[in-house]
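Just below sit the structures, each encoded as structure tokens.
In the two complexes that follow, chain A is the common piece, with chain B as its partner first and chain C second.
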Partner chain A sequence: MTPAVSFTKVSRHFGTVRAVDAVDLEIQPGEFFAMLGPSGSGKTTCLRLIAGFEQPTAGHIRIFGEEAQGVPPYRRNVNTVFQDYALFPHLNVLDNVAYGLMVRGIGRAERHKAAEEALALVRLPGFGARKPSQLSGGQRQRVALARALINRPKVLLLDEPLGALDLKLRESMQEELKILQTSLGITFVFVTHDQGEALSMADRVAVFNEGRIMQVGTPQDIYQKPRSRFVADFVGSSNVLPPDFVQRYAGQRRWGSLRPESIRVARQAAGEGVQARVVALNYLGSATRLSLDAGGLRLHATVPAGAALPEPGEHVALTFNREQLHLMEEGA
Partner chain B sequence: MRSDRSTSAPLALKLAAAAGLLFLHLPILLIFVYAFTTEEKTYQWPPPGFTLRWLAVTWNRPDVWQALSLSVKVAALSTVIAIVLGTLCAAAVSRTRFFGRETISLLVILPIALPGIITGIALRSAFSLMEIPFSTWTIVLGHATFCVVVVYNNAVARFRRTSGSLIEASMDLGADGFQTFRHVVLPNIGTALLAGGMLAFALSFDEVIVTTFTAGQQQTVPIWMLEELVRPRQRPVTNVVAMIVVLVTALPILVSYYLTRDSDQIAGAGK
Partner chain C sequence: MTAATITSPPANPAILPARGGILSSLSDLFWRRPKFLLLLMLLPPLLWLGIVYLGALLALLLQSFFSIDEFSGMINREFTLKTYSELLLPSNIDIILRTVTMAALVTVASAVIAFPIAYYAARYARGKWKALFYLGVMLPLWSSYLVKVYAWKLILAKEGILGWLLEKLHLTWLLDAWLSLPIVGGNSLSVSFTGTFIVFVYVWLPFMILPIQAALERVPVSLTEASGDLGASPGQTFRHVVFPLALPGIVAGSIFTFSLTLGDYIIPQIIGTSRLFIGQAVYAHQGTAGNIPLAAAFTVVPIVIMGFYLWAAKRMGAFDAL
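Let's look at the complex of A and B:
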């Protein structure tokens, strides 16, 4: 199968800054693909390379098998939902959504009908006559989505589209985006710095750092089997364990990662397991997060709500199943 | 911050404010009054009588018409040049980053900070060095130097307020460069250009200093008026023309003021 988007050794340098550095990537048709990373990690530049706003310094980008080099944004069958939505302030919602058809010379009646349908798709029927300034953040986001979908793109690019929304709205939009993507069958490429968002929505996730992809995989892979310390740390604040520690429990001198929820905390100090002292407790609602000091090694453990909690300063014993301890690659 | 209590200003302050306003505007009113006086040689107060005769006299003076038409022509041409060059320059400076960007921005704004007399002398010596004879175009060139600034400043301010991603969004949706300019850029900067253009027109219309150096024997309205004041013949004609100049220049400035004031909300509504 031809990949929807493929990067072959793609680099984009700005002066001496390597925003994207020799990235290889394949995104499959119909996939919900997330690019996850801290700000400045190159994920947005990758998105702009696909959209055609940036040209690679080296390497090749193919969109459904076609070389993208030299193809301007307006001739790519790819549309973008911008981070700031970029709705045209001088046009009403209907004309904003119909813009892509208007510049293609589609007649007024026909394009307005299509725009109405697109608005209904994002659950904003009847909002056509309003100006973007009269809409809430969540509504603007939907208009931007409808506008990007009206040209029936093969790939939809979303640049941190939920970043400006409040938590409640973000959660419902995550769900809606996922449903929309499944029903339309369009390839979604989604940029985010929120690991929770990436894990909950994407079919596959690429973790970016300093212009490179650190790991690509399903959310389960990324979460449970981080390949490097960076991934373990960035995706879900895992406990990163040094080789000395890992050798004692797994017999191999490698870096390891252990999820906070995999650690069991026993209140009797003399028991078997890793001896640690409770430094602090953070109440999270569904669980309580313990900060622990195990002989100089700082660890985190989560205790589900309802379980008995130790006091700060108390000595505890930590145990975990050997298979929960994930070994990272050599030299990671 | 506006206080909730609607306390009125003290009487002394009110009087001072009124005196200030009178000082500024009474002379202008006097000019209007003398346009209708029956006395033609001196400015006698109070005017011995009122007449509408001078309107007709002015209408029939060919030198007035010549000066007016030259002024309108020059103002219109400099405005068109200013709009084209000012917009292009503003787009370049605010949309892209290149070596010397700040310098170019400064150089474009400089002519309005520079005393007109310097601009005038510089242009005049340049024209004579290059042996360019004085014509409408030499005046237009002189006026364009400061008209460009006005349009540039307006356009740059608007470009800065318009989100850059609008242009990318337009391209992304399938519009080429020309379509993007027509459907997205122009509607967003249109009022700024209109305001800048009107201001440029008004500035050009009553410019004296640069014009004296670049006009040669030609007379624009302000130059004609200066000449006219020296000769005590049909003096009220000058006042009639002054009245027209006030109307021609004040109206566009007022309109441009209202246009930019309203458009603040339009331009800021992007997000």
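Let's look at the complex of A and C:
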């Protein structure tokens, strides 16, 4: 199957800054693909390379098998939902949504009808006459989505589209985006620095750092089997264990990772397991997160709600199943 | 509790006492009555605007309804429309049309020249290039306007710099061909409407560049990217996004160039033909001729034209994107 987007050794350098450095990547048609990474990791530049706003310094990008080298953005059947939404302030919502059809020379009546349908799709029917400045952040986000979908793009690019929304709205938009993507069958490429968002929405996730992809995999892969310390660190709250520690339990001198929920906390000190002191407790609602000091090693463990909690300063014993300890690749 | 007794606690009341002094009580007063402060700040400029500026304008308007006694040269202070009917004499209509046409041409040319400069400054110039841009645009404004106009006279004169340059380029025939044209031509550029036009455009250009640049500066790059992303060619992006969003800046700039050209009397006097512009007519009538009413009536013309211009600009939606 031809990949929707493929990168072959793609680099984008700005002077001495290697924003994207020899990236290989394949995004499958119909996939919900997330690019995850801290700011400056190259994920947004990758998105802009697909959109055509940036040209690669080296390497090749293919969109559904077609070489994208030298093809301007307006000839790519790829549309973007911008981080700041980029709605045209001088046009009303309907004309914003219909813009992609207008520049293709489609008549007013027809394009307005299509725009109304697109607005209904993002659950904003009847908002056409308003100006973008009269909308809330969440509504603007939906208008930007409708505008990007009106051309029926082969690939939809989303640049941190939920970043500016409050938590409640973000969660409902995540759900809606996922449903929309499934029903439209369009390939979504989604850039985010929020690991929770990436894991909960994407079919596959690429973790970026310093212009390179550290790992590509399903959310389960990324979460449970981080290949390197960076991925383990960045994707959630995993405990990163140094080789000395891992050797004692797994017999191999390698970096390891252990999920906080895999650690059992026993309140009697001097019991079996790793001796640790409770530093702090964070109440999270469904669970309580303990910060622990195990002989200088800082660990986190979560205790489900309802279980007995130790006091700060108390000495506890930590145990875990051997198979829960994930070994990272050598040299990671 | 362990005894961490603080010996003789320093006064730390919940409400601090007034500091005393006139400034302090004034601060308190302004805080309690913010509108009073506003009034105090606005009063001087309002008085200035109201009395000096609007008052002068009203006095002017009033003058235009007086008339001059043709025999004695005395001003007859009775309400009449006689002066306005004089304004409609063919020779005076000529002056008005000439000035308005010149102002319109200067405005269009300024906008066309200013736009790319402003676009470059807003979109691409960073750091020292931006500083250089501001310096380049503002520098001509630092020197005297008269000096600049006379400098242009040297450039445009028959044996002037431009003529010399064209001669070196073997393009004298082009200049001669242009100068032989009716209306725009003349003996040399410095005594033709073309010369007047060039100098007007030069002198008012900064007033067009800066508002356009300010308007473009407020257009996020993501808007032009979004337009291209949605399939618009660069030309379409310009027509549908960049131009409409820059329009308030263009209108603001054109208000400057248009009204400044309408009222100027120095440039056409130094560089141009002997045919008058509105400003020169005002100057002549209030000076040697002593016909203050007609001078006032002439002055009302640009005001009325600018009023119509702003009304039309508003109707066209030029201020919608503000």
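FYI, the second predicted complex is superposed on the first by the 332 of 332 C-alpha atoms of A that agree within 3 Å, B and C clash if a C-alpha of one lies under 4 Å from a C-alpha of the other, contacts with A are read in each partner's own complex, and residues count from 1 in each chain.
In the analysis below, contacts are C-beta pairs under 8 Å (C-beta built on N, C-alpha and C of every residue); 3 or more make two chains touch, one makes a residue touch a chain.
Since the model is a prediction, treat every value here as computed from it, not as a measurement.
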Clash or fit: chain B against chain C, after overlaying the two structures on chain A?
clash
According to the stated criteria, A:Ala51 is in contact with first (chain B), second (chain C), both, or neither; which is it?
both
Per the contact definition in the header, classify A:Phe82: touching chain B only (first), chain C only (second), both, or neither.
both
Could you say whether A:Glu175 touches chain B, chain C, both of them, or neither, answering first, second, both or neither?
neither
Could you look at A:Glu110 and tell me whether it touches chain B, chain C, both or neither (first, second, both, neither)?
neither
Chain A residues touched - chain C or chain B, whichever exceeds
B
For A:Arg147, decide between first (touching chain B), second (touching chain C), both and neither.
both
Tell me which partner A:Asp24 touches in the superposition: chain B (first), chain C (second), both or neither.
neither
So the chain A residues that chain B and chain C both touch are 51-53, 72-74, 78-80, 82-84, 86, 88-90, 99-100, 102-104, 147-148, 151
In their complex, what parts of chain B are in touch with chain A?
163, 165-166, 168-176, 179, 183-184, 187-188, 266-267, 269-271
Give every residue of chain A touching chain C within the complex, in rising order.
51-53, 72-74, 78-80, 82-84, 86, 88-90, 99-100, 102-104, 147-148, 151
Can you list the residues on chain A that touch chain B in the complex?
51-53, 72-75, 78-80, 82-91, 99-100, 102-104, 131-133, 147-148, 151
Counting only contacts in the complex, chain C reaches chain A at residues 220, 222-223, 225-234, 236, 240-241, 244-245, 320-321
